[in-house]
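Okay, so chain A shows up in both of these, paired with chain B first and chain C after.
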Partner chain A sequence: MNVRLYVWQRLTAAVMAPLVLVHIAVILYATRQEMTAADILSRTRGSIAWASFYALFVAAASIHASIGVRNVLAEWSPLSDRRAGLFAVIFGLALLALGFRAVAAVVLT
Partner chain B sequence: MILRTKHRGSALWLAAVVHRLSGLLLAIFLPLHFLALGLALNGEEKLEGFLRWSDQPLVKLAESGLVFLLAVHLLGGLRVLVIENFDWHDGQKQLATIAAAVSAVIAFIFLVRIF
Partner chain C sequence: MLAELSVSLWRGAHEGRYETYAVPQRESQTVLDVVTYVQRHLDPTLSYRFACRVGVCGSCAMTVNGKPRWTCRTHVSKVAGGGRLEIGPLENLPVIKDLATDMAPFFEKWQQAKGAFAPSQTRNDPIAQIKPDSPARVAADAAIECINCGVCHAACDTVRWNADYFGPAPLNRAWTLVNDERDSGNIARLQAVSAVGGCHSCHSHQSCQELCPQSLNPTAAIAGLKRRSMAAYLKGEITA
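So, the complex of A and B:
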């Protein structure tokens, strides 16, 4: 892993640490309340706070996960560094697109 | 080439493997998670249908596993950030054990809540 990717990996990890804690708290709260889709969407739709929170989460997770996948492929698979990098970029972009789509689905009215 | 594998019995080697595998499994799960949430684009009923499908015991069990993976990856990652950015201190194995134990507790709380 080159220095630039290493720094991005650690930076996104540091950004995500508090986000993951909040996300786990939300998961535990939502399961406790036995929420329906209507309950969830009534809280998230039109909320700038949840939109910002999860948009940042998606961006950080996409970068973090794609770098992690690149490292695993480069070290544990027969793929060359270049091909592992190419796969990671495609995977990261797909995560970003699907993630923002998901945020839009629960936030936009 | 001589392969040195003695380290593989170490708790800290295990912590590194758990961190990597949990990250990999979470990366595989993420697109599915996003696709599931994206169902809301086709109407509230689609998402509701998926949520009711996820009420099945096996799905709930799998969700508990995912909560464990998320917690163990978070705590394992915090351990790495602490090691890399702060002064070294003894007790790394204890930290790794605590990370696994706290993750198990969080997953257990989730399990108790959903069943």
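So, the complex of A and C:
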């Protein structure tokens, strides 16, 4: 890992730390209140705040995870550094697409 | 009457096997004493490396019961559970023969990490005045007593997994120079340790500081390099 990837991984970790706490708090709140899917969707749909929150979360997680996967592949698989990087970019883009699709599903009306 | 030790020694090069010898146990016996006994009394073809025998030169490191140790300062009584010793060459380095490894790849990493002092003055300039209690000198002093034994290199998981990784000792050396006010090569050094295989590859497992015979903490030195090189990158002084 070079310094550029290191900076991106630490930066996205710093962004995710508070987001993870809020995300867990939301899960606990929703389950304790015994909210149904319809209840939740009625609050998230059309909400710019939730759209922004989870879009940022997805972007940070995609970058963070793909750098981590790149390191695992570079160290533990026979793939070259370049191929590990290529795979990680594809993996990150897939996470980004799946994540944004999920965000769109809960915030778009 | 002390017992006999059962001592298994690696014989061969990359391919080889452990052979077992019976060595008399003695008071205050070191692991190096045991290896020397085998070579002098049981099998003169045994190859191993040592020089000073007092923990200064860093020549005699070997794998002792699974862990890298400086054998001249490792007492048998501390490591030989049940009177058994298994002694092999250092890991993560090519084996020349028996217990002697080729240290060339280790020292090549020192070169890659720009572990050589880059003077900023000539011999005609006055001697630099460095305050011993300045923060930079305190940081350099904390890491300076490396004896180049290779124990940290053999102990490091990241060295094992990542052929490009410089390893703890070269990066620890680079950290002493980063904190040396007389040195002029820091931008090039931070650039070198920020590349693939540099300080950012360290996983902070801390085996280096656990096993360093000099009780140095290369993990802390590497963490310092991470901070310093990240700052240099964000300021645009080095590139990725």
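Odds and ends about this structure:
Criterion: the second predicted complex is superposed on the first by the 109 of 109 C-alpha atoms of A that agree within 3 Å, B and C clash if a C-alpha of one lies under 4 Å from a C-alpha of the other, contacts with A are read in each partner's own complex, and residues count from 1 in each chain.
Quick note on the criterion: contacts are C-beta pairs under 8 Å (C-beta built on N, C-alpha and C of every residue); 3 or more make two chains touch, one makes a residue touch a chain.
Nothing here was measured: the structure is a model prediction, and the numbers come from that model.
Residue contacts after overlaying the shared chain place A:4 against chain C, while chain B stays out of touching range.
Comparing chain B with chain C, more residues of chain A are touched by B.
In the superposition on chain A, A:21 makes contact with chain B only, while chain C stays out of contact range.
According to the touch criterion, the shared surface of chain A, contacted by chain B in one complex and chain C in the other, consists of residues 10. The touching residues of chain A, when paired with chain B in their complex, are 10, 13-14, 17, 20-21, 23-24, 27-28, 31-32, 36-38, 40-41, 58, 61, 65, 68-69, 72, 91, 94-95, 98-99, 101-106. The touching residues of chain C, counted against chain A in their complex, run 158, 161-162, 164, 194-196, 198, 200-201, 226, 229-230, 233-234, 238, 240. Here chain B touches chain A in the complex through residues 20, 23-24, 26-27, 30-31, 33-41, 44-45, 47-48, 51, 67, 70-71, 74, 77-78, 80-81, 84, 106, 109-110, 113-114, going by the rule given at the top.
Residue ranges of chain A in contact with chain C, taken from their complex: 1-7, 10, 71, 74-76, 81.
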